[in-house]
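Chain naming follows the written order as A, B, C and D, and within any one chain the residues start at number 1.
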Amino acid sequence: MSPLLEVRGLRVNFLTDRGIARAVDGVSFSIESGRTLGVVGESGCGKSVTSRAILRLVDPPGWIESGEILFAGRERREDLVKLPANGRRMRAIRGGEIAMIFQEPMTALNPVFTIGDQTVEALRLHRSMPAAEARERAVAAFASVGIPAPEQRFREYPHQLSGGMRQRAMIAMAMICNPQLLIADEPTTALDVTIQAQVLDLMNEMRQQFDGSILFITHDLGVIAGMADDVIVMYRGKVVESAPVRDLFRQPRHPYTRGLLRSAPSLVKGNREKLEAIEGTVPQPTEHIRGCAFAPRCAHVMPRCRETVPALAGGEQHRAACFLHHDETEEMYDAV
Amino acid sequence: MPRLILSRLVFMVLAGFLLLSFLFALFHMIPGDPARLMAGDNAPEELVQSIRRAYGFDQPLHVQYLSYMQRVLMGDFGVSNYTRQPVLEVVLPRIGNTAALAGCAMLFAMTVSLILGSFSAMFWGGPVDKGVTAFSLVGICTPVFVTGIIGIYLFGVYLRWLPIGGMSSWQHFILPVLTLGAYQAAMFTRMVRSCMVDALGRDFITTARAKGAPERRVVFHHALRNALLPIITLFGLGVGHTLGGSVVTETIFNWPGLGRLMVDSILTRDLPVMQGAIFFFAMIFILVNLLVDILYTWADPRVSYD
Amino acid sequence: MKTKHHSRRRAAARLTGASMLVAAGIVSATAQEGEPQYGGQLIYAQSGEKFSLFPGRNTDNGAQDVWLNACENLVELNEESEIVPVLAESWETSEDEKTVTFKLREGVEFHDGTPFDAEAVAFVFNEAKAQDFIYISLLEGFDRAEAVSEHEVAFHLEAPFAALIPNLAYRPLCIFSPTAYQELGEEGMATQIVGTGPFRHTDWVKGEYVLFERNDNYWKEGLPYLDSIKMVVVPDPSTRTAMLERGEVDRAVSLSDFDIPRLELNENIRVRTVPSTRQFYVVLNHMVEPFDDVLVRRALNHAIDKVGMVQAVFAGSGATVPKAPTLSEGVYGYQDMRQEGEDSIFPYDPEMAQSLLQEAGYEDRDGDGTIENADGEDLAFTLWTRKGSTKGDYQVAQLLQSFLGEIGIPIELVVMEAAAFSSAVSQAPDDAEYEMALLSWGIPTADPDEPMMYFTHTKAWKPAGANRMFFSSEELDRLADAAHTETDEDERKELTRQWMAQLLEEAPVIYLPTLHLSLGTRSYVHGDRILAVDNYPATEAWIDHEEMQRQGISR
Amino acid sequence: MRKFFRDFSRDPVALVFGLILLGIYIVAITAQWIAPGDPFETNLRNGMQPPSWEHWFGTDQFGRDVLSRVILATQVTARLTTLAILFAVVLGVPIGMMVGYHGGLADAIVMRITDIMLIFPMIMLAIVIVVIAGPSERGVIIALGLSQLPEMIRISRGVTLSLKEELYVEAAVAAGARWPWILRRHVWPNISTPIIVQATLTLPVFVLNASALSYLGLGVQPPTPEWGQMLNEAKDFLINAPYLIIGPSVALFLFVLSANLVGDALQETLNPRTKSRRITRRFYRVSRKSALS
């Protein structure tokens, strides 16, 4: 069954004062319909840019250099990169077939309009229907995302709601046209832990009744464990590892993934005294590095690593972009 | 809201009182004496004295001040030094004329600037933006009297499309309103442009686009509605300039407005008319500022004055 | 004595006779332009009156131009500045020349229906003396007016006063209806003039417009031709010109000099310029050394290129070079005082100016381009001026600065706001701070008596009169006092000539060009007049309606 | 500062007009030497000549060379406007900051006073000041400065008000900082951009106000030329000798255009938020080259 969304060799550049930065450098992945793909990586690794590129929301000074984004929409499969950025078809997809929610609920909602108006707008942009019916659908949507007294909340402005409530409204707004794919760009990062848990539970319930799939972007491995079916790990604009969630946590292959797992407090079981940090820092985006970008910080760096860029290799399910695994020797893997 | 209006009205009365006293003191501080102006340069001294006696200019200052203030409290603004006409009769009809001229000029300036400013922000850095910036800069540097006189000769005398002087028909409004409005439109366009650029940079614009809203709606609905907040305050300031600018426009287009009356009364040292004109000028301005504040609370749900 | 009396009447008769001729002249002139037509409204633009409309409280010409349509004088001045009888048909002076009796026109009514008679005239002038009207100083020695019979009124003077008749022609001395005055009072009359004129004053909005409608029972048969006159206040000269060119107004007063050449090319517009009685002059404060030295004053006069000034500032037609000190063509007793070959009094001669200064002990000793006095200090003065009060005042001041700078006297220009200026130049000798000040002297009565008695006379030192130079000369005082009481015309003209000659000797001020008045009218307007005293009567004007339609002007 | 110049010069428009503005100020400083003719020498014979090779902007009513008068006027006007702006900023910004920070009664009173000052007729203000300070440049500078003072106060107050709510200011207060230090350290850097923009916007307003002052004879005393005064004198000949207005208008337009564009560029380089969007101009060129077909 062909995947709902397949990204092949996506490259997005940004013009900065110090030259052209390759924020997304040949990223490929695919999402099966009904499954949730988690994208994890440190900030600045290109995960948000990738998500915006899918909806062609890359504002100047960035632009899509090359690559394909094949989306199996309701009618037929089409490459979103080929479509005119603000054309009728692209606008129909945005919010209609692919929806998106953002990290900062406070600034992502328009402060001068009520959340009711903004939700009705999301609906009526794609379905023409009388205002009254749209209102009911919006109130129903608020109820479905667990907003108490939805009727009254409908007339309130964003600044009158709490962070969690605002994020729920964002979700309601996104889901109102029941899109096939929901892109969630770090939806819970800005919330405090208790609210974060509630929103994640809400998203999990939604996953059951909603047959579409979710692209869940976060830097928090704990959240990925609970939410994602499959995971891709990104580092400096490239996918360094992709695997089903269980395999990734049990047998992380790429040294960077292993480093991440060891440094995430929520995952470290048992009596590990101290967390381990990955030495060094992520190199500047405009800096051109030969070979594997992680080489300067990698404990198992080999001469090959500095010459050629390791391709994403491995079995059908679990692949990593690192020469350690290219000759498939299991013991090499356990010794680490 | 009502508390805001009440406090502002109280302030108006207080400000009016202070203003009149300040003007009275200022008037007697600056040189130039109405009696001598009336008598003319070559008049003998005893003639100037006789005028002073006849018009009561020779009374001690505090007597003049107290009697004037008492009468003002009863709503009588005194009579003009020269025409002996009650000041209210002279000033009130002119308030309407200036309000009409300044009002239309402001409307014209606001609409033009909102449209041009938004488009220029939409195509930020592109040719449209450059063109609009050039237009607004030309508008800012052209004095009102240049546009006025060129307008008069081009549209009045040569093309004979538009009448020139006075305000007897609506066509008479066109040239003065365009002259005064063009200058203000240029000023406002630059302000609207920077506010729009700021608004278009906000996160909710990306949300709106992610919802599939067309660019037109993103700019004119989401961005403009937010940019209105700083714009309204700037328009409030603009009113002050428009009222100031109306003085020159009224002189050129022979428009019987309050601005011209104010300047004439200052130059001919007609104290009662001067005080009346400046007083009502100030009241108009304070009311407009009140309107701007109320507009602001309507525009920005986060701010409320209750 | 008898001969004096006799000559008096003969002179008056000659005058009336002459005026008849002149009046006929006017009528005949209009005849050539076609038969006068009745009806229509004349709209004309003027710069607006600054002060009140009430004749008793006014000195500015803007207002006089308004009420001359409704309020007539006993006598009037025509284009040649001759006395023309109006409400007074004729007049006789008594033996001791202290009483002048006027024979009034009969069957004349005020606009409010009350009869025009000796009682009314006497009331107006007695009220003027009682209420201290501004113009009362012009009727020097006026004691009281008495109604001798129903249509004869006698003026009793304390001493003979030659300039009584010409002064009575001055617009503010018009006869308003005493009944209306008693009813409305001075305040009411400030906005509503009730007189005997050809038009009734029906509406007035200060700074906007004045409206006059036809007075059907006007005493001169067949007049006025027009239905109504509307005077619109247009302060900006270029707007006035534009409205005239577009046809929004039929007449525009005081056009800007630089527009006139362009207007003359337009065949629909007729432009008339007439020398006015206003002459620019620079006050030299004689309290300040070296202005007390006549040589220096003459030198300063020769340093100014008056012809160049007329060309540069007034476009050649806006003014004329001064041909006589203070007096100009329109004034009684004026004569051209220039020697032959001179283009103006004190012709422009920088070398002579410098030699005169040298003679007076002032020359450029240290060669730094500026002139020093005996003890080596550089000469430098301040010149005070206004901007925009009189046409060209600001530009003339700048030219004075450059001309005097060229002969080595640096001038610092101080431009002051009009009202501040008029107070600053009206101080007594010891508080006056100005050294030089640019002013202009207008003679509203077109009679030399006022400048003689108030301008150069020792008694007229500021603050009493208008002698801001604090200058005095017995010879000039003697001539002025003699002329003041001299009733014989020729004798008085001779005294005036001697007075002017003496002024050329003593050069109390720097004499500058005389201004011209300008009036632009559409070609379909006929019969309107322009007078040297800055009045533009349209009482006998009429409109050629076909011509007006042909020019596409409809109202 | 080196980084500032590198950013600033990155944008071609800002660079060009920055140089023009610099050029104008250089002309202002060296006016006496570079003026082709003598701006004061009158020559009545060739008054009112249209532009010719000898007189690029023609001659005025008294035959003086308009070009040299414009050049000399650059000095007067540049000095006049710059000092007037400084006057308004030095007086207005501190008041605005303090009032914005403390609020309360002082704020209400100052705001209402600025209301009144905004509408107080400039002419009346000018007459009073000319009486006190004498009809000299000093009087004009004070009159112009005062006319712009209310706006400076309003802007600095507005910025202070919005910054007061920022977290880092509250953090500084929590850390025991007193308000003068907070205003200088936190508020002032953020005020500089709107003030610069306002300053460049007020340049033309000052020159036009100067021409209104000279309309009444209260401005700079002749024979010193000043753009506003020259504009006013050219007004009366607008129809008969239109070329007279070209000189001062071109000079004013160049001065204002360069000041505003430099102001814009400054705002972009100094104001972090709009900085990222500034490189759009180069973006169009670069992205068009490499973007998809």
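Keep in mind that, in the parts below, a contact is a pair of C-beta atoms (placed from the backbone, for glycine too) under 8 Å apart; a residue touches a chain by one contact, two chains touch by 3 or more.
For clarity, every value in this text was computed on a predicted model and none was experimentally measured.
Visitor: What are the two chains with the most C-beta pairs touching?
Guide: B-C
Visitor: Would you identify the chain whose C-alpha centroid lies closest to the centroid of all protein C-alpha atoms displayed?
Guide: B
Visitor: Quick check for the class: compute each chain's Cα centroid; which one is farthest from the centroid of chain C?
Guide: A
Visitor: With chain centres defined as C-alpha means, what is the inter-centre distance between chain B and chain C in Å?
Guide: Each chain reduced to its C-alpha mean, chain B and chain C end up 39 Å apart.
Visitor: Starting from the mean Cα coordinates of chain B and chain D, work out the distance between those two points in Å.
Guide: Chain centres of chain B and chain D, defined by C-alpha means, are spaced 22 Å apart.
Visitor: Round to the nearest whole Å and give the separation of the Cα centres of chain A and chain D.
Guide: Comparing mean C-alpha positions, chain D is 49 Å from chain A.
Visitor: How far is the middle of chain A from the middle of chain B, if each middle is the mean of its Cα atoms, in Å?
Guide: From the centre of chain A to the centre of chain B is 55 Å.
Visitor: Of all the residues in chain D, which ones touch at least 2 other chains?
Guide: Within chain D, residues 127, 131, 216, 235, 238-239, 277, 280, 284 contact more than one other chain.
Visitor: In chain B, which residues are in touch with two or more of the other chains?
Guide: In chain B, 30-31, 149, 153, 267 touch at least two other chains.
Visitor: Would you give the residues of chain C that are in contact with at least 2 other chains, written as numbers and ranges?
Guide: In chain C, 238, 417, 420 touch at least two other chains.
Visitor: What does chain D use to touch chain C in their complex?
Guide: 40-42, 44-45, 47, 61-63, 127, 130-131, 135, 215-218, 221-223, 235-241
Visitor: Considering the complex alone, what residue numbers of chain B touch chain C?
Guide: 30-33, 36-48, 50-51, 53-54, 79-80, 82-85, 90, 93, 149, 152-153, 156-157, 160, 163-166, 251-254, 256, 260-261, 264, 267-269
Visitor: Please name which positions on chain C make contact with chain D in the complex.
Guide: Per the touch definition, chain C meets chain D at residues 237-238, 256, 258-259, 261-262, 305, 308-309, 311-313, 386-388, 394-395, 397-399, 401-402, 405, 412-417, 420.
Visitor: Could you pull out which chain D residues touch chain B in their complex?
Guide: The touching residues are 112, 115-116, 118-124, 127-128, 131, 151, 154, 158, 197, 201, 204-205, 207-208, 211-212, 216, 231-232, 235, 238-239, 245, 249, 252-253, 256-257, 260-261, 267, 273-274, 277-278, 280-281, 284.
Visitor: Name, in rising order, each residue of chain B that touches chain D in their complex.
Guide: 11, 15, 19, 26, 29-31, 124-126, 133-134, 137-138, 140-146, 149-150, 153, 187, 190, 194, 197-198, 201, 233, 237, 240-241, 243-244, 247-248, 262-263, 266-267, 278, 281-282, 285-286, 289
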